[in-house]
Amino acid sequence: MDEERSALTRLARQLHLQEYWVAQPDFQSTAPRSAAVPHLWRWADVAPVLRKTGEIIGVGAHVAEAERRALILSNPGLGGRPDITTTLYADLQLVRPGEVAPAHRHTTTANRFIMEGEGGFTVVAGEKVTMSRGDFVNNPAWLWHDFGNEGGEDAIWLDVLDVPLVTTLNGVFYDYDFWKEGDLDKTAQSVRQPPDHSHALYGIGGVAPRFVGPADRLYSRQLVYRWASVRAALDRLRGWPGSPYDALILEYTNPETGGSVAPTMGFAIQLLRPGEQTRAHRHTASTVYCVVEGQGYTQVDRQRLEWSGNDVFVVPGWAWHHHVNLRRSADAVLFSASDAPALEKLGLYREEARTETGDIVSVTG
Amino acid sequence: MDEERSALTRLARQLHLQEYWVAQPDFQSTAPRSAAVPHLWRWADVAPVLRKTGEIIGVGAHVAEAERRALILSNPGLGGRPDITTTLYADLQLVRPGEVAPAHRHTTTANRFIMEGEGGFTVVAGEKVTMSRGDFVNNPAWLWHDFGNEGGEDAIWLDVLDVPLVTTLNGVFYDYDFWKEGDLDKTAQSVRQPPDHSHALYGIGGVAPRFVGPADRLYSRQLVYRWASVRAALDRLRGWPGSPYDALILEYTNPETGGSVAPTMGFAIQLLRPGEQTRAHRHTASTVYCVVEGQGYTQVDRQRLEWSGNDVFVVPGWAWHHHVNLRRSADAVLFSASDAPALEKLGLYREEARTETGDIVSVTG
Amino acid sequence: MDEERSALTRLARQLHLQEYWVAQPDFQSTAPRSAAVPHLWRWADVAPVLRKTGEIIGVGAHVAEAERRALILSNPGLGGRPDITTTLYADLQLVRPGEVAPAHRHTTTANRFIMEGEGGFTVVAGEKVTMSRGDFVNNPAWLWHDFGNEGGEDAIWLDVLDVPLVTTLNGVFYDYDFWKEGDLDKTAQSVRQPPDHSHALYGIGGVAPRFVGPADRLYSRQLVYRWASVRAALDRLRGWPGSPYDALILEYTNPETGGSVAPTMGFAIQLLRPGEQTRAHRHTASTVYCVVEGQGYTQVDRQRLEWSGNDVFVVPGWAWHHHVNLRRSADAVLFSASDAPALEKLGLYREEARTETGDIVSVTG
Amino acid sequence: MDEERSALTRLARQLHLQEYWVAQPDFQSTAPRSAAVPHLWRWADVAPVLRKTGEIIGVGAHVAEAERRALILSNPGLGGRPDITTTLYADLQLVRPGEVAPAHRHTTTANRFIMEGEGGFTVVAGEKVTMSRGDFVNNPAWLWHDFGNEGGEDAIWLDVLDVPLVTTLNGVFYDYDFWKEGDLDKTAQSVRQPPDHSHALYGIGGVAPRFVGPADRLYSRQLVYRWASVRAALDRLRGWPGSPYDALILEYTNPETGGSVAPTMGFAIQLLRPGEQTRAHRHTASTVYCVVEGQGYTQVDRQRLEWSGNDVFVVPGWAWHHHVNLRRSADAVLFSASDAPALEKLGLYREEARTETGDIVSVTG
C-alpha cells in the first residue's frame, strides 16, 4: 500500500500533479491567516538610516545609481519579500534639495503621504504638484510622473503602491522610455497645467466642473489633497460620534464618483480625540498606517504597537485591532492605506466587530 | 367612400379608438417642438407683485389661508398650466419675518435658490438649514420639511420642482399629516442635528466621512451648498477656458456619487467673464435660469432675453441658445435648473452645437 | 381686500404668474390620481373595425394615404388624447398581404406583440425579423425599420410606444428621409444579416457571444423573442409558486444586462394556472395588457374587466388590481407592457400589496 | 564607501528595511513576466494516474482519508506551488460510484467542467445538480455543497478555483462544520429544490422570472449550464465570423447581469471550425483550457502545445497565443477559465493583437 502510494507520488510529481490529500491546499483554512504580521517601524530608528542614505546614495538622471532613494518596509512575516502586506508595497523616500528623479510611469498605482519638507514636488501628466507635510498625493496608474525638490531641506514621504497585488495578477507594466530617449537633460516633463490645477478643479466640495470630459470611474483626477483643508475638516467634525472602530475617519475620494481614489487601494485620515479608545474590529482588508500627530498605541491581536509621530505600522488582514490615543489633551491623527476597494469589488470584504458586551458580530452581514 | 370613412370614424370613437392617419400622433415630429416657449420674468415687474402678496396674503399653520405664499411662473406656451416647462415647475416664494410654514413632504423633489433675506431657514429631516442669498438648498423627495423666517426682513427664494414630470409618471405623493395632527402649535419639526450638519459632513471636498451609512445614490445628502464657497470656486477657475457653450459652469453634485443632486433634476452655477459670449448649442433638456449677478442677454432661437439681477428666464428643450455678458468690467453669474438627468437616464439626452464656422455638429454622438 | 386680491390676480396673470394658493398645483395630491382610467377594448368589438380599415384605407409608399393602418387605443380618461396612459401609447395595426410600409426611425421606442397572421415581417437595422402569433418584437429607439406582409392573410399586432413620456421630456425625433429620397421603389432597407440573426446571437440562455462589441446597456439587441420558447419556459415553471400578485410572470430582458428591454418600458408575459386568483397590489407603474390565451377578469379598483383572447386592457398607475383565471382546465396567459423601468430610474416606483389578512403593506419599503 | 554601504545594509535589514536600489522590486518590469509557464497535461498521461488514485485512495465522510480525491495541476514555473497560474487553482477530481463527499463551503469560488461519467451530482444550497459530460457547474462562493456519484462508472471533472488570488487578498474562509457536527451519516445536505431548479429558472434565454428576489450582481444563480444547449448554440452560430483570436467563443454568463459567472473568474466555450486557425493576441489575463472535442494545437510564445480530447493546458498572462484546429472535417471545442473579470474590475486588463500584416496593436486602447 505505502509502496503503491509512493509510486503514485513519484509519477504524479513527474507529471506536475500533486495529490490533493497530501498538498492540503491553502483554501482549507477556516479563516484567513495572512503571512504578513503586525509590525511597527519606529521613526526614531528609521530616520537616521534614511538620512544616511541621503548622504551616501546618489540619485537622479545624471547619477543614475538609483532611480529612487527609498527604504522599502519589508514585512517580517513575508520571508524577505519587499512587501508590507501580501497586497501592498510601502517605502520611505528621501529627496535632497536640488535633486530631480527621471520621469517614468507604471500600471501600479502610487500614492504618497508627505512626512517632511516643504520643497518637494511631483509632475504628474504635466501638472506640477507641490508637496508639503500632511499632503496626500495621488498618482493614478500609467500617468507619467517625475519628482524633485526645490526647497532647502530634505523632502521625505511615504509611498504606498499595490505592487504585490498587481504582480499576482500579472498586470505590471513599467515604462521609462521618457528617460531613455538619450537626452538626459530632458528627463522631466514640461509643466502644461496651471499650479494646483486638479485641486482647484476637483477638490472643491459640493460642486464639480461640467467643462471637463466624462468622469474617470477608476482613478481620481484630483492629484493632491491639501493638509490644511483635510485637517480643518477633521476639526469641524469633532462633535460627531464617528465610527466606533475608527473614530473620526475620512476617506480621500474620487470626486467624480464618491468612491475610492484607486480601484485597488483606498486611503483615509482619522482623528482620535484626547483619550479616545476605539472598539476592536477585524476585516479581510490589510492596512498600513502612518502617524501624523500624537501618541498612542494600536492593539493588534495580542501585540501592542506603541506609536508616535512619523512611525509607520501595519495591521494584516483579519487581525483584531483597536486604537488608543494616550494623550489627555492632544489629538492623535493617523493616515492609512488599505486594499479594501479590491476586496469589495471581488466580493471578498468581510468585517467582524466586538460589541460593547464583547460579543462578535458580523458587520458585513 | 367618404361615407364609409365617416361611419368608421364614428364607430371608432365610440370604442375609444382613433385612426392613426387622422390623429397624426406627436411622435411624427422630426425634432422636438416643446409647447413651452422662451420667456423672461423681469424682477422689476415681479418684485412689486410678490411684495404685495406679502402684505395681503396670510400664511402659516394658524392662518391657514395659504400653505405657501408663492407666485408660480407659468410658461405662456403651456395654456395656463402652472408649469414653467413640460417637466419643471418653478415659483417665487416670500416668507415674512416671524412666519412659519407647516411641515409636509412629497415625492416631488424641491430645490431652492435664495434670492433675498438673511433670516430664512428650513428644517429638513430634523436638520435646520439657514438660508442666505446665493445659497442652494436641496430637499430630497419624501423628507419632511418646514420653513420659517427668523430675520428682520422678507426672505425670497426661487423654488424648482419636478412636478409636471412626476405627475406624468403618476408618482406624486403628498403628506401633510405632520401638520394635521391637531396640535397646531407643533407644526414644525424638532431640530435633531447640529447646525450645518450635512454641509460639514458632506460638503468638504476631496474627503468623505466613512462613519455614515451606505451612499444614497439617488439624492444628495448635502442639504445646503453655501454661496461663499461656490462663488470662491468660480473665482479660482477664472483662468480655465471652461465650456464653449456655458463658460465657467459648475454643477452642484451628490458628494456620495459625483452625480446630479436628484435623479430627475440637475443644478448648476455659471460665470461669464466680463464681455464673454458663448457659442450656441441646443439640447433636449429644458433649463430655468435665475440671474445672480450682472447684466447681459441670452439669445434663444430668434428671441433675445435681456437680463439683470434676480430675473428668471426659461430656455425650452431643443432651442438654440447662447449667453452674453454685456458688462465690460463685471462678471455675470447664472444659477440654473435642468431636467437633463432624467433625459440621460432614459436615453433621451441629445445635444447639438454650432462650431466656430457655423456648422451644426452633434455633441452627444 | 377682495378688490386688492382681484387686482393682484389680474396683474399676476398679465405677467404669467399664478398665485399658488389659487392654482393649487397637482403636487398636493396625497396619492397619485392618474387621469387615465381602467378600460378594456374587447376584441369582438375592435376586430371588425380593424378589418374594415384594411378594406378602405390604403397604406404604403405608393399609396401614401397613411403611413400606418392602425387604430390608436385612446384612454377614455385622457380627454381625447391618443394615449392609453399618461406615459404610454398603444395601437392595433393591420398589414395586408403584399403591403410594405416605408422605412423610418424615431427616438420613441416601439415594441410589438403579434396577435394574428404568419407572414408579417419587419426589417430593423438591416435584420429581417419574421413575426408570428405570440412573438414579441423589439424595436430600439432610433433604428431604421420597415414592415411588410409576405403571407396570405392579414397580419395584426399590438404596438406599444413611450410616446407621451418622451413627448413630455421633449425627446421626440422622427426621421423618414429614408423614404423621402425620391426613389419610391426603394423605401425598404436591404437585409444585411442572416435570418433570425439577433435571436440566434443573444437569445441563447446562459451563454453570450464574446465576439460582439460592448453591451448596449439601454436597449436590448435581441429583436425578437419567439413565442414557442417563451411558452415552453412558462410551462417548465408551472411547479413554482410564482409571484403572489402576478402568478408565473417572466420579464423579457436585455440579455447583455439582465435588465429591461428598453430604458423607459418593460415587457412581461404571465401565466395564470387553471382557476388561479392572485392577490391585489398597486404600484405607480401603469400597465397595458393583451390577452394571449384563456378567459378571466382583472379587478381594477371597483371595476371588473372581463377578458378573453386578443382583448387589450389598461390598469392605470396606483390602481389596486388582481387577476383571476375563470377557466378550471385551461391556462390564461397575459402579455403586458409597463413604464416601471422609467419610474425606477427616477426613484418614483412604489408598490403596496394586500396581505392574506387584508392589511396594506409597502412592498418597496 | 563600500563599508559604509555594507553597514547601512546590515542596519536596514535589522530594521526590516530594504534598499530600493538593491532590492529592485518587481514593478520595474517593462511588461508582465508571469512566473507561470505554458504547460499541457496530456490526458493519456494523467488518466492512468487519476484512475489509480481511485483504486488506492478512499474518500468520503466514513473513510475520511481524503476530503477530495483530486490531482492538482501544479504549474512547473511556480516552484512546487499547488497552483496552475499565479491566480488560479485547478485539479482533476474522480468520484467513484456510490461515493459521497461531505458538505462544506468556502469563500473561494469553484467551477467544474465535467469530463467523464453520467452519475455524478452535486448539491449546492439545497439544489441537486446532476452532472454529465460537457456540463459546466457553478458553485458560488460560500454556498454549502457536497458531491456524489449515483451512477455505475467513475465521474471525472476539472475543478477551477480562484485560490491563489483569494489567498493573496487574505480572503479565504473555509467552513466544514456541516460535516463535523458529529452525526457522520448526515454529511450531505437535504435537497430542498426541484431537480434542475436554477437551470429552469435562470437558463431560459430572453426572459427572466420576476418572482425571485433582487439580482445577485456578484455570482450567477444558475448552477448548471447544460452541454446539449451550449453545443447547439455553438452550432447555430457556425455562420458568424466570430472573434479573430478565439473563433466562435461564447461566455457563460450571470443571467441576472449579463456579466461573468463570478467576480473573480470568467468561463467560456469556443469552437474552431474544421481547419480554422486564429490570429495571435496576448492579454494580462491567464487562461486554463480543457479540450472537449477535436485535435489541434495552441502556439504559446515559442511553445507549441498539441492537444486532443480531455487534455488540459494553461496559457499564462501576456503570452502570445493562437489556436489551430488540425482536423479538416471535425470541429475542435475548448472550454476555458480565466481571471479576466478580476483584472477588468481593477483596471488591469490589457490586450494586444497582431494584425493581418503582423503589426502589434492595442485592443484595449
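A few notes on this one:
All chains are identified by letter, namely A, B, C and D, in their written order; residue positions are counted from 1 within each chain.
The rule we apply is simple: contacts are C-beta pairs under 8 Å (C-beta built on N, C-alpha and C of every residue); 3 or more make two chains touch, one makes a residue touch a chain.
Because the structure is a prediction, the values reported are computed rather than measured.
Under the contact definition stated at the top, no chain borders both chain C and chain D. Taking the mean of C-alpha positions as each chain's centre, the chain lying farthest from the centre of chain B is D. A rotation of 180° superposes the C-alpha trace of chain A on that of chain B, rounded to the nearest 5. Listed options A-D, A-B or C-D contain a single repeat of the B-C interface, assigned here to A-D, on the basis that more than half of the contact pairs agree by residue number.
As a whole-number value, the distance joining the C-alpha centres of chain A and chain B reads 42 Å.
The centroid of the Cα atoms in chain B and the matching centroid in chain D are 53 Å apart.
One finds 31 Å separating the Cα centroids of chain A and chain D.
Contact with two or more other chains is made by no residue of chain A. Chains touching one another form the pairs A-B, A-D, B-C, C-D.
Partner chain C is touched in their complex by these residues of chain B: 1, 4-5, 8, 11-12, 15-21, 23, 25-32, 34, 39, 41, 45-46, 49, 52-53, 56-57, 65-76, 82, 85-87, 89, 91, 106-108, 141, 161, 163-175, 218-219, 263-264, 284, 286, 316-318, 339, 342-343, 345-350.
Across the complex, chain B is touched by residues 194, 200-211, 215, 222, 225, 229-230, 233, 236-237, 239-243, 246, 248-258, 268-269 of chain A.
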